[in-house]
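Consider the two complexes below, in which subunit A is the common component and subunit B and subunit C are the respective partners.
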Partner chain A sequence: MRKVWIIGLNSFRESLRKKTLYILLVVALIVIGASKAFSFLTAEEELKMIKDVSFSSIEFFGALIAIFISLTTISNEIEKRTIYTLFAKPITRQNFFLGKFVGIVMILFLNFILMTLFFMGLLIFKKSPPDIQVFKTLFLIFIELILIGSITLTVATFASDAFNIIFSVFLYIVGHLTSYGNQLIERTENIILKGLGQMLYTIVPNYENFNIRDKVVVGVEVSWNYVTKTTIYGILYILVVLLIGSYFIQKREI
Partner chain B sequence: MPVIETKELTKYYYLGRNKVVVGLENVSFSVEEGEIYGILGPNGSGKTTCLKLLLGILYPTKGEINILGKNQFDIEMKKNVGFLPENPYYYDYLTGPELLRFYGRLFELPEKVINERIEKLLYLVKLNDAKKLALRHYSKGMLERIGLAASLINDPKILILDEPTTGLDPIGCIETRDLLLQLKKEGKTILLSSHFLSEVERVCDRIAIFHKGFLLTTGTLKELMERYGVTGLEELFVKTIEEFDKKEKQK
Partner chain C sequence: MKRNWIRIFIALILFIPIGFLQVSIDYSKKLENLESNILLMPGQVAGSLVLSGFKGLAADLLWLNIENYWHSGQHYKMLPLFEAIAWLQPNYIVVWAVGGWHMAYNVFATVRSRGENFYEEFKKMEENIKEKNLKEKAKRIVEEIKVLIEGLARDYEKTDKKIEEYFDITDKCLVEIEEFKKNKKLYEILYGMINVPVEMVFWYRNGISFLKKGIAYNPDRYDLYFELGWTYYHKGRDYPNAVRYLEKAIKFPHPEYVDDVLAHAYEKNGQIDLAIKQWEKLLGTSFDSIAKRAIETLKKGEPFTP
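Now for the complex of A and B:
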């Protein structure tokens, strides 16, 4: 595990040098800050707006950062040929892959914390300190971001950057539409289409599971039971994805 | 006793439909403990492919590799091997000591040992005045030298060096050559690839000539010169390659 941590820390340091990361972070903070601009609304509506925009921004820009960082972390090592010196060291390819994953989680956590602190600051400024529902929402967003990052990282073990970015963005969109897709599947009478649809519905990650912001913003309480179940779903999905990635990195010719 | 041994090592690269490029074809050789073994060959002869296979970076299509009694993927074996890639690229945001520390930690060396070795190796490769300089500000020669230091961080029994003098000025080449001879005296086994004939001639106990993925010949320079009836390495190199190309044309 120590080797994984060492590689993760180095990967984190490397990711910190990417300018795109800061651009995305600054844009996210501007959007979150701009949510305060709706001063013509009533205090309650304004607070809802701040929460809604902030949750959405943290999720959306967090997802972009997760895809962007995970996309290049392995290909950069191959392009710059630093991977040769790494693979010549007493590490397994799984150590390398998991190290990259740890690096991604660290960079996501840092960005997530910065965006969250800014959002919290806004709430406190509006004299409405965050309640437990806000923390539940943010926690599930963070799990979703790790899941997005782990999928992009895994695809990076066998596909090109160009394919990966299209795939990851497509999956991000589809993953948020699976519930609608399921409704369509249920209405379909064609057995083949129905079977295919159900298979896709099972395989494609349901990112909407992690979205409780619409409820929290309007004051609906989300139970701990739901948060726990969704967290377990997320962790299991991440584990399966990492297993697949470990398999492909082992097979890959550098 | 051989510390590195390959048997019928073969690597094919599959490029699309029915297109196969030979990286290495049935290469068998062994490197004895404490010797400097040089792999010579023109560009694209299979030198780097061979080294990458030895380090487990590439997977062989066929054949066996034995290093210190283990296969090329064995983690314990890798603790005793140092590697310098051709035109080394490192994490350019790190300083020399940071790079050495990073690799030292991957070998699970105690911090005290790492600190001692960093001091010793930076002095050895004459980079102790550049401790605070990030690698992105290093010259090509400095990168080669820090790479050499990085390959020694684990005090390896075996050193595998891919074109260790590429990018070095004449003085740097002489210093590297002296360093290799010093390391040999310390009992290290060195396997190096190069296309600089004079470098190989001066430091290597035995050589192997590669061409188009084939191992054409191997032995001490004296043996090979006698066998081929030539008077120097350059002549030997040209003759073996020309003979191979001629035979290939006849086929």
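Now for the complex of A and C:
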């Protein structure tokens, strides 16, 4: 476990040196800050806009950061040949893979906290301190970001960067549409198609599960029961993805 | 190597609880009203946002478009956007409230001003009508419709029964203008003007039905019941319906002004005893002095609400 932690910490430090990270973070903060520009609207509408823009920015830029950081974290080690030095030490491929995952979670957490603090500052400035629903929304967004990052990391164990980026972005969009797909499946009468559809619906990560922001901003209260179930869903999915990733990293020729 | 396969096996097994969890989450979504509907949005930006799971942001962009259309007076362009936002975020009360108000008040007023334009046009061409009989007839029709338009804009009741009476007038006028068909320009002015009250009623009813649709999505909040009750009370002078919806509004946590409007609605609906009771509820609130005056006046048998 200590080895995993050390690799994670190093991976985190290395990610901090990437300029893409800062560019995305600055753009995200600018976008969140720009939501203050809607002051020509009524107070209620402005607050809704601030929440909408901020939640969306935290998720969107968080997803971009998750994809870009996870994308290169393994391929960089191979390109720079540092992976050989690492494997010369008593470090297993599983340690390496899990360490990378820990590093990604740390960097995502740091970015997430920075963007969230900025958002909270805006809410407090608007004299509307965040309520528990806001925290539930942010929490689920964070779980979603870890899931996105872990999927990209896993794909990085067996595919090229180009394929990975296309796959991850595509999955991000499809993952938000699976609920709609399910509505279509429910109307299908063909049993085979229905079965295949249901299987796909289970296999493809349902990112819409984590999306409660559209409801929270208009005052719908989301229960703890829902948040708990979705969190377990997220954790189980991350576990599945990591198991698949650890299988492929073991098989990979280095 | 064999141990490596176990990982994949466990991963596949884990899809079973994931599948069950997804079913449970879908059920919770239905219970907690967290489901969202797909919609192809007007405009590429909004469409792509919806497809990427940013429905709230898409709704905000459309709302900003509404603001633009509002300030540039393009009232009709706002209508599909209200529908789109309401579809994207059906629990966003402001959209239903503003949309309903916009139709029943603003578009209604825009149509009315078109009636004034037709009237001005008629006045300009009145002198050119050579045949005295036709001129008098056209003048009478225009004046009759003008009175109807002004009445609808001010204080005419807009109950279903009354609206049928207004439509009887417009139908009669439509038959009468048949003989003006030879004078195409005059016919168009008269036809356009007769349609103005019909369209005013159409937009009033559209506002009402938009608010009712909003209530269907948000039945457990006072807001839209109040908006609907107020529209019936103020715009429609349809007091039975106003009372019906305001009574529903006060069943949920609500501000004091809702009770105030209900008290007025009771009085206008002839339910003086209920009006007095309603005013009594407002004693000791910020409406205290008004409530005292209202109770005193109503008990004397005099009208309080102008």
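Here is the rule we go by: the second predicted complex is superposed on the first by the 254 of 254 C-alpha atoms of A that agree within 3 Å, B and C clash if a C-alpha of one lies under 4 Å from a C-alpha of the other, contacts with A are read in each partner's own complex, and residues count from 1 in each chain.
To be clear about the criterion, a residue touches a chain if its C-beta (ideal position, glycine included) is under 8 Å from a C-beta of that chain, and two chains touch if they have at least 3 such contacts.
Please read all numbers here as calculations on a predicted model, not as lab measurements.
Contact with neither subunit B nor subunit C is seen for A:191 once the two complexes are overlaid on the shared chain. Once chain A of one complex is fitted onto chain A of the other, the partner contacts of A:17 are limited to subunit B, with no touch recorded for subunit C. Contacts of A:177 after superposition on the shared chain: subunit C is touched, whereas subunit B is not. In the superposed pair of complexes, A:6 makes contact with subunit B only, with no contact to subunit C.
Applying the stated contact rule after C-alpha superposition, one finds that A:162 touches neither subunit B nor subunit C.
In the overlay built on the shared chain, the residue A:85 is in contact with subunit B alone; subunit C does not reach it. Annotation for subunit A, partner touching more residues between subunit B and subunit C: C.
In the superposed pair of complexes, A:56 makes contact with subunit C only, with no contact to subunit B.
In the superposition on chain A, none of the residues of subunit A is touched both by subunit B in one structure and by subunit C in the other. Chain contact summary for the complex, subunit B toward subunit A: residues 52, 55-59, 75-76, 78-79, 81, 83, 85, 87-91, 93, 102-103, 105-108, 147, 150, 160. Chain contact summary for the complex, subunit A toward subunit C: residues 38, 40-41, 44-45, 48-49, 51-53, 55-56, 59-60, 172-173, 176-177, 179-180, 182-183, 201-203, 206-209, 211-215, 217-223, 225-226, 229-230, 232-233, 236-237, 239-240, 243-244, 246-247, 250-251.
Partner subunit B is touched in their complex by these residues of subunit A: 2-3, 6-7, 10, 13-14, 17, 80-92, 253-254. Interface of subunit C with subunit A (complex): residues 4-5, 7-8, 10-11, 14-15, 17-19, 21-22, 24-26, 28-29, 32-36, 38, 51-57, 59-60, 63-64, 67, 88-89, 91-94.
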